[in-house]
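Before anything else, here is the set of structures, which you'll find just below.
Note that subunit A is present in both complexes that follow, paired respectively with subunit B and with subunit C.
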Partner chain A sequence: MKMLSIALKDIWRSFRSFFALAFMFGVPILMTLIFSFLFGGIGSEDGFEIPTTDVVIVNLDEGSPYVSNFDHEGGVVNSMGEMLINTLEEDTFKDLMKISTGTESEARLAVDEQDAGLAMIIPANFTNALIGQSSSDAEIEFYKDPALTLGPDIVKSLVMGIVDGFSSTTLSIDTVLSVLSDQGISLTQQEQMALVDSLTSESENQMQDRGVGLEVIPPSTTESSGDDPIKAILRSIMGGMMIFYAFYTGTATAQTILQEEENGTLARLFTSPTDMVTILNGKFLAGFLLIIVQVVVLLAFANLAFGVSWGPVLPLGLFSIALVILANSFGIFIMSLVKSTKQAGIMYGAVLTFTGMLGISSVFVMGSPIEKAFNFIPLLVPQGWAMEALEASWQGNLGRTLLMSAGMVGWAVVFFFIGNLRFRKRFG
Partner chain B sequence: MKFLDIAVKDLYQIFKDWKPAIFLVVAPIAFTLMFGFMFGGFSGPNQGNEDNRLPVTLVSSEQTPITESIRSYLEKSEVIKVEIADSQISIADLEQLVVDGDSAAALILPEGFSQVVRQEGKVHLQLIGDESSTAGIAVKQEIEAASTRLRTAADTGSQAVQTFEEKSEGADPSERDTVYDQAFTMALEAWNAPPVTSIETQTSSEDDPTNSDDNAFAQSLPGMMAQFAIAGLIGAAEIIVQERKSGALERLRGTAVSNSAILVGHWLAMFIMIFLQFIIMIIFGQLFLRLNFFAAPVATFLLSIGSCAFVASLGLLIGILAKMPEQTAVFALIPMFIFSGLGGAWMPLEMLGETVQKVAQFIPLSYIILGYKDILLRGAGLTQTVIPILVLFGFSALFFLPAALIFKGQNK
Partner chain C sequence: MLNNAIKVQNLDKKFDEIHAVDDVSFEIKKGEIFSLLGPNGAGKTTTIGMISGLRTPDAGEVWLMGYSVQSEPKKAKAELGVVPQEIALYDDISARANLNFWGKMYGLRGEPLNTRVYEVLKLIGLEDRQKGTVSKFSGGMQRRLNVGIALLHQPKVIIMDEPTVGIDPQSRRQILDSVKHLRDQGVTILYTTHYMEEAQELSDRIAIMDHGKIIAMGTHDELIDIVGELDRITLTISGESSDVLPVWQKLEGVQQITSEDGTLHLLVKDSNQVLPGVFEAAAGVGVRINSVDIQEPNLEAVFLHLTGRALRD
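And then the complex of A and B:
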């Protein structure tokens, strides 16, 4: 009963503390809200927004003496450069780029002064290269603001896709003529013109159907939750934050041992018939109950407020119990290393933030080229095991959840043993 | 000069413990590397010496001249690195490869693919990939471009066969197939040297071309440096709280030391602590991350001064507002997360929505990051970075003034 009394006193104290509540509930929810805001999850139904890039186009294309005009969209243009600009000015692309035209120096200046994100310079031999009448290849220059990444890259990819469409006729004609020549067949001027017409119309169809032949299938493990990408991101963030701050709660609860020592209440407790083991167990129980409340509230809040699905109940329950035990033991271990509450602050800041961010780093590197490395690096810290267990849990992978949860309990036993030993040595 | 004594005393208190070093140096370096590599490291795909193309597993249910041509074409890509998988591999295993990060995506050429291409001119590719990831987006763009080119090759093959049949009566099916395969392969190979190519150039200092390196650490280092400077305030701000709690502040006020000397002393200690961190991080970036801060030494110096002044003022306000030592952690970590998230420390602002970009104009960290990116990527000098520097001094005043007023109020 003494153990329970100590635990209840600590729990009561925590729930009366604004700062304990802030760490337990406020900051994790705030962080998820910030991320939700960052990814457009609030006030936007569309999810990710692709940035609109300001593009200044410089058309140096001189056209060709061989073909004086080209039919385009019911009108006539004098060069392929002009046709490219007209295509880019269509409504389809207006969300991706805002187009203006200018001279080369104006365009470069606009990018240098950050008035535009990209200058696109169409070379003088653009038309001639496309109709196979240029002695050298044409090169479109994309002069970009180096601080921008996504927007200019998307525009470049789009433009080169359209140019591919323009190039395809020339490439096809050259290829067909070459293959026929190998078969000993040559075409008259008239037959060649008919071939050009046929291939041009195929090329125009292709430009309309760009990407139609590609079916992108998301891996079923990422799709299984039934969440949209925003919800999946929010689930990772909320899960990460929950783990991050569960460790804070465990540490804050263990810190009360130091506070009691400094206030003299611990010495007073020792004069009563209460041994160190009972006191430590009481503190452990308080932390245990507090983190249970924290985890349950955060899981429920994420589900109700953000519609986050946490997956099957059994693995989630296993993970939650392991998290509670681990975060609590970690707190006792950490606080056994410091001498006073003065040092505790830096422990919160340094050790918990560093290990916490490393442990949940897999959330930040999702889909990046270094994602694979971060399958292992977070496992160097206990928070990493918790994150792995949670991910396995929402994927419904009971075996892996069990494995990772067992690992968490393994960490917890080591932490509890060392922490307990140090405290008993100190107060024994 | 009494403020100097206070600053020296604070610095002694801060540095007598080794633990602040974790915040000031180890954590920002670790997270600079993590976020930097996340956004591509030193260079974009295939621009460095090593092969850093995105691995894509290719599964073909059949071996035909058409599928061989496609494999050969994709192997020359600068974006993706083709890894051939056994044709018997299951969809579930392919998905697992993508989920585990062993492959950025898996490309499937299904059963009967070549026949459909040959007879109908249609190219139907299946790509298993995560479109919400940067790697998934890059692979999709590359395969989409390849898909268009494959269709051109298919059309070319069909056109070659059609013309061949018209010109040579009585051609047998094997001759037609040969013509088709030859035209298809040649057309696909021709895309390796298209008539129009692209060249990418970017704003850079004429004196120093290294500024224009495609270096993701130019985003991550300033962001993490600023984020952990705020986190590092926990210990420094706690000194002010402890001073007040222990009665040392009362005793200090009983001496001839003025309130302003106490305030400036504490501010200066924080400033020096953060400035030291900035110096270490800048030297680290210069030496190991190919970030040329020294291309514009005056701008780098003044921007660092402005950044440290802002963070120190924030720290002063935290120290004065916090009533208990542990409160400093909450007061420092909350603005750290908000300023970092909305200021573009974790993700370039242009990747975020318009609303976030507008909000970022009121977030001091966005000016720290902007200023350093201007120097590192755009080759900017003092003239171009003067606005971020002034704004940071403005933010410094904005946090210092309430700190001073509250401190004065506490004195009454």
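And then the complex of A and C:
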């Protein structure tokens, strides 16, 4: 009963502390909100939407004799610039960008006055450069509103992808013509145009098959964040933040032992008919209960506010229990190593931040070339095991969740044993 | 039947090379106010730390209401209330929340707890501020709450470690009155202070500590008698001192007269008996007395006599 009284007192004090609440709930939620706004804000009932970008295209492309009356998407184009505009005007992209055309000055003015998010200026030698008839490179200029990030950048990378497709097509044509020439075969201009048409269509199909983010763009109507990359990203971020700050909560709660030692209340507790084991266990229980509240609130918030699905209940429950135990015992261990709250500050600044960032680093290297290396490195720290367990949990992989959760509990047992032993020795 | 509330036997504690408490023994009777008087660093806090079970002695034993602090700590501590020297409160919650929590630590629950919290708030004069956050209280209010916590479970023994350090006169008076009130209720109090006036005003018995040892112990009068100090009468006069000095020297009870910059100092056995004769003799030779200051022997003088140092050195 006394143990519960000590725990409830610590919990009550934590809920009255701005900093404790900020670290428990505020910062993880804020970080996820920031990312959600980066991805276009909190969506409607349909989920998240990447905002439509107004794009003004300035087509200065002078074309080439080799590309004239070219049949493209049921129309006739006379330059690769026109072909690019036609491609971008397809229905597939209508939710991503709203295309208009104009002069260069009109386009820049539109961006400056924030009537458009992006101006795309196709240079005069665009076609010639693509088909190898220009001595200089052609570079599409993107003039964007600096206040906007995601929308214009997605359009830019999409255009670059399409242009790369054109480039590879012309390279393929050159190669085919070269091979045919070596074999003494020459094609008529009509045959060459048919070949260009065939390879261009093939390239566009491949582009669409690869996605280039096209599958990401439409507003999601599905419930599962596993089917919605934006929600999946937010789930990773919220999951990472939750793990990172659960460890903070565990450490902050254990730090109250040092605070109470310094302000004399711990000594006063020791003069009451309450034994040391009860006092320490009360402090440990407070951390345990606080992290439970934190994890439940963050999981529920992410689900309700962002539509994040955390996967099946059983693995999620297993992970959550393991996280609570691990974060709490890690805090006890860390705080048992220091002598004062001043030293505890170093633990927050260095050890907790370092291990935390390392543990959830997989969130930040997703899709990057070093992603594979980070399959192993996070497992050097307990937070990494928690992140792995969470990922296995939302994938519904009960076996792996069990394995990783068992690992977490293993870490926790070691931390608790050492921390508890050190505290008992200190106050015994 | 047990007569002693506290029994301390051959208590000893060293911190590295410092002998903080050196073979200290004393007994405190039930209902007694016993003061440990001594300068900072004398070993008072270490002694009460061992009595309250906060520190483990290197040697010796302590009994509270017959329970050994070392072998029956829970029973012993249940009889004890401690007012620490430093304010030991949760300053981010209310006064009432503090009292509720500490009451639970002493085993109070439900209605008895609510009743005691109310009574204590009234006793320490904080019933109007019970919902206020402690960090917003004045130093004196915090001190009073610090005392109130020790009274919650109505202990038979209370240890107060310099409870009036650094507070305003009003709060100091309130604390001293509450100590007397507790004594009237039969509570045994072990009080440490380096204010001799407090020890003098409150104590039934006083132990003077220095360098970890008890150098003198007894009632106020017994301590004064030990050192045999005299009353000191300081006078300023109009007229020739040479006229009056021979007359005063012949008065019964006057031991010594010294003159310093026109001020006369008389060392006498009992100033109340000597003073009328002093005035009569002065009037007889035409000397007018302008001012009189009487200093009775005090604990400061006793400490000075025993150690060669002032109490506040």
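Operating definition for what follows: the second predicted complex is superposed on the first by the 239 of 428 C-alpha atoms of A that agree within 3 Å, B and C clash if a C-alpha of one lies under 4 Å from a C-alpha of the other, contacts with A are read in each partner's own complex, and residues count from 1 in each chain.
Basically, a contact is a pair of C-beta atoms (placed from the backbone, for glycine too) under 8 Å apart; a residue touches a chain by one contact, two chains touch by 3 or more.
The shown structure was predicted, so the numbers you read here are calculated from the model rather than taken from an experiment.
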| item | value |
| --- | --- |
| First (subunit B), second (subunit C), both or neither touched by A:354 | first |
| Which of subunit B and subunit C A:13 touches, first, second, both or neither | second |
| Greater subunit A contact set [subunit C / subunit B] | B |
| First, second, both or neither for A:268, with subunit B first and subunit C second | second |
| Overlapping contact positions on subunit A, where the subunit C interface meets the subunit B interface | none |
| Residues of subunit A that touch subunit C when the two form their complex | 1-2, 5, 9, 12-13, 16-17, 263-265, 267-275 |
| Subunit A partner contacts - residues on subunit C that touch it in the complex | 52-54, 73-75, 77-78, 80, 82, 84, 86-93, 97, 101-102, 104-107, 109, 149 |
| Subunit A-touching residues of subunit B, taken from the complex the two chains share | 17, 19-20, 22-23, 26-27, 30-31, 34-35, 37-41, 52, 54, 92, 95-96, 98-102, 104, 122-136, 140-141, 143-145, 147-152, 155-156, 159-160, 163-164, 167-168, 179, 182-183, 186-187, 190-191, 193-204, 212, 214, 218, 231-232, 234-235, 238, 242, 324-330, 332-334, 337-338, 341-342, 346-348, 350-356, 373-374, 377-378 |
| Subunit B-facing residues of subunit A, complex | 19, 22-23, 27, 30-31, 34-35, 37-40, 43-44, 48-49, 51, 111-112, 114, 117, 126, 129-130, 132, 134, 137-151, 156-157, 159-161, 163-168, 170-172, 174-176, 178-180, 182-183, 185, 187, 191, 195, 198-199, 202-203, 206, 209-211, 213-222, 229, 232-233, 252, 255, 341-351, 353-354, 357-358, 361, 364-375 |
